[in-house]
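Structures incoming, each one as structure tokens.
One chain, chain A, links the two complexes that follow: it is found with chain B in the first and with chain C in the second.
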Partner chain A sequence: MRLSMHASARFIRCSCVRVAAPLLLAALLSGCWDRTEINDLAIITAAGMDLADDGKIKLSVQLFVPSPPSSEQGSSTSSPGASNKTIIRYATGLDMADAAARLQEMMSRRLFWGQADVFIFGEKLAKRSIKEPMDFLTRHPHPRERANLFVSDGEAEEIVKWKTPIERNSAETLREMAVLQTGLNTSILQVIEELAEEAHTAVIPVVRIMRKKPEVPFIGGTVAIKDLRQAAKLDSLETRGLLWLRNEIKFATLTAPAYPGGDYASVYIYSANSKLVPSIKGNKWSMLVAIEATSNLNENASTLDITKEANVKRLERTFEGIIQSRIDKTVKKAQRSGIDYLGFAEQYHRHYPKHWLAAKKDWDTRFPKIEVRYKIRLTIARNGLTGKNATLQSGGGNNS
Partner chain B sequence: MNNDKITSAQLACMLFLSILATSMLTSPSLAYGIAKNDMWMTPLIGSLGGFLTVALSLALYRRYPGCTLIQYSDLILTKWLGKPISLVFLFVCLQMNANQLRQFAELMKLAFMVNTPIIIFAVSMMLVGAIVVNLGIELIGRLSLLFTPIIIIIVAVLILPLIRGMEPDQLLPFMADGAAPILRGAFALQIWFPTYIYAAMFLPYVSDINKARRWLNWGVCWSTTIFTLSFLYIVMSMGAASQHFSYPFLLLSRYVTIASFMTHLDALIMILWVLDVFIRTIVMYYAAVSGFSQWFQLPSYKPITLPVGLLIVLLTFWSIPDITTYNFLAYIVLYYYTLGNICIPLLLYIIALFRSGPAQDEHSPAPSGSGPSVLHGEGTA
Partner chain C sequence: MLEKGRISAAQFSILAGMSVLATSLLTAPGIVAIDAKQDMWISPIWISSAGFILVWTLYKLNQAYPDQTLVEYAVSILGRFAGKTVAALYLVFVIFATANVLRQFTDFIKLTFLLTTPDFVISGCMLLVCWLVARSGIETVARLPMLLLPLVTLFVLMIYTPSIADIRFERLTPVMEKGAVPSLIGAFRLLSWMPAFSIMNFYMPYLNNRKHLLYWSLGSVVVVTLTLSVTFVIVYTVIGAAVVNYTYPFMILARYISFTEFFEHLESIVMMIWVIQIVIRISFGLYGAALGMAQCFGLTGYKPMVPPICMLILLFSLWGIENAQFVSSPSMVVYYTLFGMMLPFLLLVVYGIRQLFAESDSPGYPEGETSA
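Moving on to the complex of A and B:
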């Protein structure tokens, strides 16, 4: 009797627990606070920041609007681009966050920054300050630090709304072009890293639109940022020099007369490595640019017989000279402007910390006086499928 | 005591993961702020705190076998002095619990789930923790051993893809400001390393006590290695940008791409974060609960599991209105973590050296207020 009472009490307690547990779980079921459906999102693929006339920031975004899955099934036979479209929206605000909030007011879907691969500063904004947008982009948890940064030649809006024939949208085009690295490829993290370094400068590639029909944006040139605003502008060729200094050259094609007065020859550099070696002797600061590059001969229309070792060496010296003059052009330009976007300051900081501490204050006057020396070593490793090109010479093989 | 037993290896894993949990994300910006690009040397010196606490806990345990720190502080200092001092230790333990819980909840809310109320993270973690704690120490040991390889693999997956982009040059200049910043950085790391003193709370459950010294010292070595490697990794891949971001490691995990198509790996760091903080929670929670039950001399710790949990959740939100206050607290908690985890055990050990055998009535009952001041005297000496 007593035993069964005890047992039934336990049974009741057990069933109470069994009823209570699902009820408690049910309380959690409703709580999907951070649930987001993909068709509630307006996915930003690229954003352009321009300076509006009244000093506000004009934000133009390129949105990728995923269509609901039901319609996608219907259109699965047609091209995938048909069901998903890219649209452009604009908003103006006091700062970037304000502009984004205003943009949100006009949207039926929630803005999502997590897939934004490209951010473009308008030229006018870059000339004023990139501080505001940069703070937003690093503070907000959504934008990715790997996103590419660009400065546009003119309005950023132009680039954002440009419709590309090849890739999905202009953001994708720009990103792919940056990866191919004919110009710089800078992510948000890299820019922050450079701004945090001793010289407080950074370089951001420039996008411009070719003004002929058809209009094509391309990455040509670089903007140097000093004190968070655009301080200097390099053209494409000077950017190549900058890439050499920054050890970011991956591929390069160099073309020059094979010998003075001769026809052109070209080499394709497929592996390059550069290094800045600072040195201080007494009061004389100098910087050695050491470069090693390996290349293949791509073209040789001249009469130079490249099957002879001495001629290959001559050709190598010629192209070493080309590289040097390219870099020197960039260095001279930087030194004339007094803005150290070449990364010299960081090298002195790393290798001569004590000297650097003393020279830090008047770096802008010291930087132009630094002597830059070069040690360039270029190897032509292969000469292609043909050797001596006697057949293609008008007079036959009459070279030395 | 209970019949539950853990092995020395499990104990080492428990403490190793406890340290890794919060240090992985927050220590880099703290250390970079002090030691700049020499910060990778700070754990090498800071590990001394770990080795010291391991040695202290083992030496005290040899004198008072079968006792935890709470129990032998009564034996060493008499009940009158021992109780207040072990209470200070327990309060620091509660505070550590609360801080890590807040850290966990804040990061989840900041980076992953913006709309979820922060209390949900804290309470759900505490409830799961309470279940594990009530199931006993053996489960905690086994879970730690199980999770250690998973967590190490995740860390490796996050680090390896960026190796190509590292610039060893970023480590220069070497010791530009001398050794002082490194020493200060090593001191700042004492938020984490002396956590090894919690071995003193778990040694009575260890079955193979003769291996404990070796395993615990290995644990400190692993911690040092992983600290050093992650610091090197962060300096070499982010350089001066490390100070711009509050959670450099989280940032790098977002930056990683594997073969250019696997991106957005921060889901991995969320797994790492949840698993690892879970281990830290159950280890520290168990220490707090069992510590309090020993302080009150209860026959079983189970009845006070939930009350202590509630206390921890309260402390999580008490007097920390926002993350700015929390981040500022890091500089303060350093001092009372040092007080609880180094000074108190050191004091106990020094006094134990002068006394032989169990407590005698040499110390006349002192007013309890003098406890902390004695500690300060020891700490600075």
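Moving on to the complex of A and C:
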């Protein structure tokens, strides 16, 4: 009797397990109930923010539309990505989030910001305020901190919708250009960081479209942001000066007459290092710009014999002068406008915290009066594969 | 004794260290930076003194009552009624502190990764794992961190190493621009983490090599301080003044990494570090609370207490905390300091006073048995 009761209890337990196990397994069947496949997403590669006429924000996005993978095996032989399209969509809203929500209304796919590498502010919006879009871009969890920021010369929409022949889309083109660093390369994080620093200024590169056919956007110039709005605009050459001050010159080609009245010579700078050294003596504030650069001779069409050391030194002095005049032009411009986008404030804050605390309030009036001195050292390390190159220089010299 | 298992001092210190570091890596930088700015790396060094005092207090209490946890020696020191009351309040603190951690975890996961998953599912899954860990006994709780430490170290290094390229040390200047005050305020905000060390008391009686206890515990505080300090340095030198803007600067750091344009999107590593650390931290608190609860009410085993405490933690984390700003609010810091730091210290003071009287009243009265 007891044995049979024991057996029946065991039987019940066994059958319970037998029923429970498949039921538990069934829980796994729901598996991918909330899956998001790539063709459910509208992948944003670039976004442009413009100020509409009624004060609203016009958002234009460049969407990457991946073609669904074809079921046939043979299709892989055709060039990959050929059927992938880039399309442009627009929406207007009270602020960035509103515009994005309105954009979503017009889309059959969910907007995905995670791949957006380029954000462009229209000039009009930049002149009003970049506060709204910047807040959206940093608060939203998707946009990446390393995404590039630009200000467009004109409507941002123009650049977003431009179709590139080389890269996949204009976002890719701009990003690659920024990486090459002939102009500034600023990420969202950098801009936020600079705005949080003492001077509350930041610099953002400008994208222009070359108005000749074919139309090509390029990074030419810089916009300085103060109090979250565009306060000054620098052209390409002034931007180079800014890059020197910010120690962001990676490489540069300098061209100048080898001696007054002579033909041109060029050097290619492949290593450059600059430093801002502030000093305060009494009531006189000054800033020393110390630069060390190493270069190779790139071209020498003049009759200067660069196999002689004295001539090389002479050439070095010439190019040092060129660098100085470039930087000085930018510094003068900044001081005239009274907006410190050169990073001077930060240097005084770091090296003279007490003086800075006292001078912080009237920095805008003090900044233009700062004396800037230069200590530039340029080395021409190599002359290239040819030395004097007598053949060319005798021929060229006769003609001129 | 409710627990038969024994752990080593090394396991004990790794457990405590990783538990305290758990949430601080991710949320502390943004909170400390609000006031401390470029001096934020000094704040952990200030607050380490509080950690040292706390650990020393617990050590002294443990020496007086080698086989008892705080819940038990509170009764020995304060008498039955007051002791039980204090112990119960302390247990509520442990449960609340653990629930706080769970809430931080849920918020982070919900904000950054699982945007549409319900809170309850995230917290519930986490608690399920911790429940399994805690009910497996002290040896599992203490050995799990030791097992996972290399993994966490590797992950943390995977985030630190590629960020070296973006470090700009001049961002740390001027050091102590406005004196020590900003970094001290930052240190004050860190007080919502350091008191977690007090949960160590539940583990101290079960050490098999107790003579190393003090060194390993102090070592744990040192390692926590250094890790925090180094993290703050890296976060501030990479992100700079913008640290203040972000709730999770550590994750921004991971997202910002772009190593040869190939190692990118490392935020999933942050998620892995975070999940591992939180499992350890919650099991640390959960086991302590369950054991303490069983001892407080005189049960014969602590395991039946684990599921109800899980429930309490879940409810506290969802209902007890209003919004995301709770982590560093002054009232929270005061609450943590009161129970995590002042309570053990006061117990030690009362114990000291009792010893004094016991000695003067009846010399030769055996130590540690003033009120048995």
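Heads up, the rule we're going with is that the second predicted complex is superposed on the first by the 358 of 400 C-alpha atoms of A that agree within 3 Å, B and C clash if a C-alpha of one lies under 4 Å from a C-alpha of the other, contacts with A are read in each partner's own complex, and residues count from 1 in each chain.
Quick note on the criterion: contacts are C-beta pairs under 8 Å (C-beta built on N, C-alpha and C of every residue); 3 or more make two chains touch, one makes a residue touch a chain.
As the structure is a prediction and not an experimental result, all values here were calculated from the model.
Enquirer: Quick one: on chain A, after the overlay, do chain B and chain C clash, or do they fit? Just give me the call.
Expert: Clash: chain B and chain C overlap once superposed on chain A.
Enquirer: Please indicate which partner A:Ala196 is in contact with in the superposed arrangement: first for chain B, second for chain C, both, or neither.
Expert: both
Enquirer: First (chain B), second (chain C), both or neither: which does A:Pro260 touch?
Expert: Neither: A:Pro260 stays clear of chain B and chain C.
Enquirer: Could you look at A:Thr138 and tell me whether it touches chain B, chain C, both or neither (first, second, both, neither)?
Expert: Both partners, chain B and chain C.
Enquirer: Now for A:Arg146: first (chain B), second (chain C), both, or neither, which partner does it touch?
Expert: Both partners.
Enquirer: Quick check on my understanding: which residues of chain A belong to both its chain B contact set and its chain C contact set?
Expert: Chain A residues touching both partners: 34, 138, 141, 144-146, 187, 189, 192-193, 196-197, 349-351, 353, 357.
Enquirer: Contact residues on chain A for chain C in the complex?
Expert: Residue positions touching the partner: 34, 138, 141, 144-146, 187, 189, 192-193, 195-197, 349-351, 353, 357.
Enquirer: State the interface residues of chain A toward chain B in the complex, per the touch definition above.
Expert: Residues 31, 33-34, 114, 138, 141, 144-146, 187, 189, 192-193, 196-197, 349-351, 353-354, 357.
Enquirer: Write out the stretch or stretches of chain B touching chain A in their complex.
Expert: Per the stated touch rule, the residues are 110-117, 120, 169, 172-173, 176, 238-241, 243-245, 251, 254-255, 257, 263-264.
Enquirer: Note which residues of chain C are touching chain A in the complex, please.
Expert: Residues in contact with chain A: 111-112, 115-116, 170, 173-174, 177, 239-242, 244-246, 252, 255-256, 258, 264.
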